[in-house]
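Both of the next two complexes hold chain A, though its partner changes from chain B to chain C.
Entry: the complex of A and B
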């Protein structure tokens, strides 16, 4: 028995266990401080579905050996282009949603290809550079949103301004297009977005299948041991680019799923900080800078979004103060910090002639 | 190696090595006429900004010597400085004494934060920059916990002007009436109507002398050795970990003083925002001045501040003339600040990889030649 507990502890890992227990405690406390547990649970599930694919988008790059994708906003931009174009074409419902995805994918592939080529040139410094690629692409697109020739009156400023609005409502188009497939509504408070969760599961399956194909195995090999992979005839640079493209496309799809549930497209500086919750999520799930699995994604997203949803409602009701933002900052960055400082990897000494 | 020595390559190398400053000079030449600003205005603006930012940018130099790259953790020092300023404002101290008192109060905090950051970075060798960046966010959360929730409730603050109406937490903006420009104007000097903050520049000059002197000390030499190769340094008996921690502590303390200088010049403190952008702006400025992650000089700092801030002042106006919209210029400014860091870091990493590859190839040629002669 003790052995079993020990094994479980080792497999789950302390950070997950502590956060998991904390989350459980929050759920138990909730009814006592007049927080409706069904609404909370439903919120956690919806946010889990919204963030799931964005967190999943971390996996290919980590597996390909390019580290955590702080450049997630780049993929998000591809998704935004798809979403905005779909609204411009006045497409509604599932047709609107899937055309947004289809339009976003080529942008994702294109941007991912360039991003991958860049990351191949800067091996060893991927994460820092990814951070700034993400930031600068958001700022660059802010200029573009002002200038791109979109005409739909649903998206441009009614008067007194030029360019697209900062937030665009998708209510008339594909609001909850995915969520509302086979949705389950129990009472007034509990709502289960079946369609979105199925879609997330499907994307997980696709990624899982990919990593079991020949190319997928080569990507993992290139990531875990580049020298060995090269010796066995794997084109490491090509595999890294494939992993980056996959990451970027997943991010593009992920943001569209996020938006159809959220109800708004956020342009301009909206995608600026979106990499951080995704990075924190996968790290909480037990991933490291070098290895990430789909299980990490599912566990991490659920725990992290759970904490983010529950802490404000419960803690605020207890101490009557809104500390949610501060708690979010400390928890998410604390997790990233923990992951960055955990494994001491000594990079092989620089080659000097 | 012969390829590297040829003359064409030397010129090409000069351009590659100074690509970022050259780009910025071209930008300035192109954009200044378009912005339609008077030269007097630009000069006055540059003098103010040199006084405001020099100390902060110079605070970045020492970790670079120790091979730890750009220390995004200077925001930790900035936060410490702001805590000091809050107390000084609470006690109602005036003028230059307030300035020095703020430094004295925040110094221990800065040393502590720097020491902690140093330990964290020792656990993240090879990815110091990302780690120090996230560290800034993390401590920002702790800072909010302290300033927004504890001050006025757990930590007594009596000055109602700086406390939020709800009774605890510090206001978003604090008017630093007590010490606005107190250091800048200690030795008054005006040339052609442009105010020169003499005392601030004297402080900056003292820091420059300190850095030059510091490089020659035993500790400075140790840092350089650690920066070049940690293993070799360790074998030579240098306490690598301790040296790296000291580099970050010094940088954090300097940033703390730098932030106090910066805020006395501006005159208002945005309690929850003033420190946030400091790391990014200082690092962008240093990189624009031609520094790299592995090499940065005092000259880089000053050239960088001038070039970066010319862009900063000129871009919105130039954007308006060029595109008919000031908003584009705003975004352009944000874009350039981030893109320049991305480009400078990418160029450096690329060059480093290229050199490593070149070194490998030259070895390979040697063995082939050796094989050829032996046959």
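Entry: the complex of A and C
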């Protein structure tokens, strides 16, 4: 029995256990400070579903040896292109949603290919360059959103202006298109977005399948030890590019899922800060710069989004003033900072071993 | 005199997640003495030394129990820095040098910086600009003490392995306060003459009053320089004797717990190669492998022979397989089975039916972070599409984890790889067992021609025979042509049908293994 417990602790890791216990404590405190536990739980699940695929998008690149994808905004931009095109075409419901996804995928593949080629030129500095790529692609698209020939009055600035608005509502198109498939509603407060969770599970399955194929194995090996992979006849650069494309496409799909639940497409600076919560999520889940699993994604996203949802509402009700936004920002950045310092220690420990 | 004792280790016990590796080990070491530490692969030698040195792996895997007394003070080191402060230095089984830095920088750098690669990543540029004349002079002095011909300004990445080894030793002796030096298989990559230099350095250090713990699988070396020796078997100390009261045969018996034959003795007759068909034709081969440059090599390898390549480190013997297999930039003409081999293209070489066991098991040979079964099956899976299940008419090539585990288990049994299961990570294996995994990987490919570099590096006496026998068996049974590069001449002579000696990037001559030792020596030193 002791052995079992020890094994579990070993596998879960202390940081996750502590954060998990903290989250549990928040849930237990919640009813006492008049936070509705069902609403909270529902919130956590919805946010989990919204972020899941964006966090999952970290996995291929990490496994391929390109590090954490700080260039997530690039993939998000591919997704945004799909989303606005789908709205432009006035497509609604699931058709609208899946059209957005289908349109986004080729953009994701194209951008991922270029991104991958670039990362192959800067081996060793992938993460720094990824950060630049993310930021500069946002800046570039900020110009493009003004210039692209979208015409739909639902999206362009009112009064005959040109260019797309910063926030576009999808209410009339595919708001909750996924969430509302087989939704489970219990009472007034609990709502389970079945469709979105199933879609997330499906994406996890696809990634899992990929890493069980010949190519997926080669990607993992190329990330684990490029010299070994090369000596085994694997084209390492190609494997890295494949991993980057996969990551970019997942990010594109992920943002569309996010938007259909959120209700809005956020252009311009919208994608700017998306990379950090996703990176923090997977790190909290126990991934390192060199290894990430789907389990890391699920655990990490749940913990990160859980804490992020619960802390502000609980503290808010304790101090009786509305500070939730401030608290959210503090908690979110605190977790991000913590997670990033973790990577560094993990990295140096690995080198010593 | 009791205060003659520098080090006492009492009742040292250690397990890795329930896998008992050391049980109640007690040992003592006198000042200025050299203690030989011997035992089979996986007996726990490196682990015992890592405990003594306070290595982080030990703490990360749950610590150990027992007591270490240095100079009469109890000191269970928390980290290698504590150990260094207390005057304990260690040269690890695998290199711990920063490739892009000069020898001098590696010697002079604070240990902390050489170990924490993260800081090197961040501050690399700045650190490498620290080189001043003073530093280089001091480093050169340390190198000279070691007694090798090496310029302190040479980049580590450009050095032959032997020089890396000497650089590591120089780093340890540069520290003035060193009282105890741990050397984990320092001679494994050295040829006899280089090992000879190494041994005399160690002897000199001992005469200066430094105590040394010396790990080696070459019992001759142990007999030659150690005052006492300690034998570990399955994590238990089975014998502690003064060296002059024993002999290598007895030591081997203690190590394995049964009687075993003497060193590598030649069993199979030497094949007559003149009449045999040429399978690999090499003309004007040059290879740009740092530290092992090949300048101009012509070779005709016969189908079905075992061909040995020897020579001093740095002369280019390792460059030959690395170049032909496409791992380093190369040029010239290579023809295998009548087909021209594209150089600089590992895939092409593999697809043509050649395979390679690299001498560099950490960087090229293994996926340290992955399990044994992946390590063994990966190459054959990628190049021959074996161990894959085709689903949806071949659209999806699904990894057959069961078949992979089975393949791995076969080789674990065949080569007696000591591990908890085929799912154990390669980095958790002892050095010698890692070497066996590398061999298994190449065997699994079932190539027509197999290159093996330093096949028995770090492998214990018993297992060495096993590995050599296995090479023989594959040669006989499957008709695989084998080219062995080794720094151990004895080994080459024991299994090869012909032995070539490489000197200054060229073939100095090809001899029969039965030729007198003198002739080999003459070729090696020919310049």
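Quick note on the criterion: the second predicted complex is superposed on the first by the 317 of 353 C-alpha atoms of A that agree within 3 Å, B and C clash if a C-alpha of one lies under 4 Å from a C-alpha of the other, contacts with A are read in each partner's own complex, and residues count from 1 in each chain.
Quick note on the criterion: a contact is a pair of C-beta atoms (placed from the backbone, for glycine too) under 8 Å apart; a residue touches a chain by one contact, two chains touch by 3 or more.
Bear in mind that the values here come from a model prediction, so they are computed numbers and not experimental data.
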item	value
Larger contact residue set on chain A - chain B or chain C	B
Touching partner for A:228 - first (chain B), second (chain C), both, neither	second
Which superposed partner A:136 touches (first chain B, second chain C, both, neither)	first
Touching partner for A:149 - first (chain B), second (chain C), both, neither	neither
Partner chain in contact with A:215 - chain B first, chain C second, else both or neither	second
Contacts of A:187 with chain B and chain C, given as first, second, both or neither	neither
Chain A positions touched by chain B in one structure and by chain C in the second	124, 344, 347, 349, 351-353
Complex interface listing, chain A residues touching chain B	70, 118, 121-125, 127-129, 131-133, 135-136, 139-140, 142-143, 146-147, 162, 276, 289, 321, 323, 325-327, 329-330, 333-334, 336-337, 340-342, 344-347, 349-353
Chain B - residues contacting chain A, complex	120, 123-127, 129-131, 133-135, 137-138, 140-142, 144-145, 148-149, 229, 231, 323, 325, 327-328, 331-332, 334-335, 338-339, 341-342, 345-346, 348-350, 352-353, 356, 359-360, 362-363
Residues of chain A defined as touching chain C within the complex	3, 10, 124, 209, 212-218, 220-221, 224-225, 227-235, 290-291, 344, 347-349, 351-353
Chain C residues touching chain A - in the complex, by the definition given at the top	17-18, 55-57, 60, 115-119, 121, 325, 327, 346-347, 350-351, 356, 358, 363-370, 374, 378-379, 381-383, 385, 388, 396-399, 401, 427
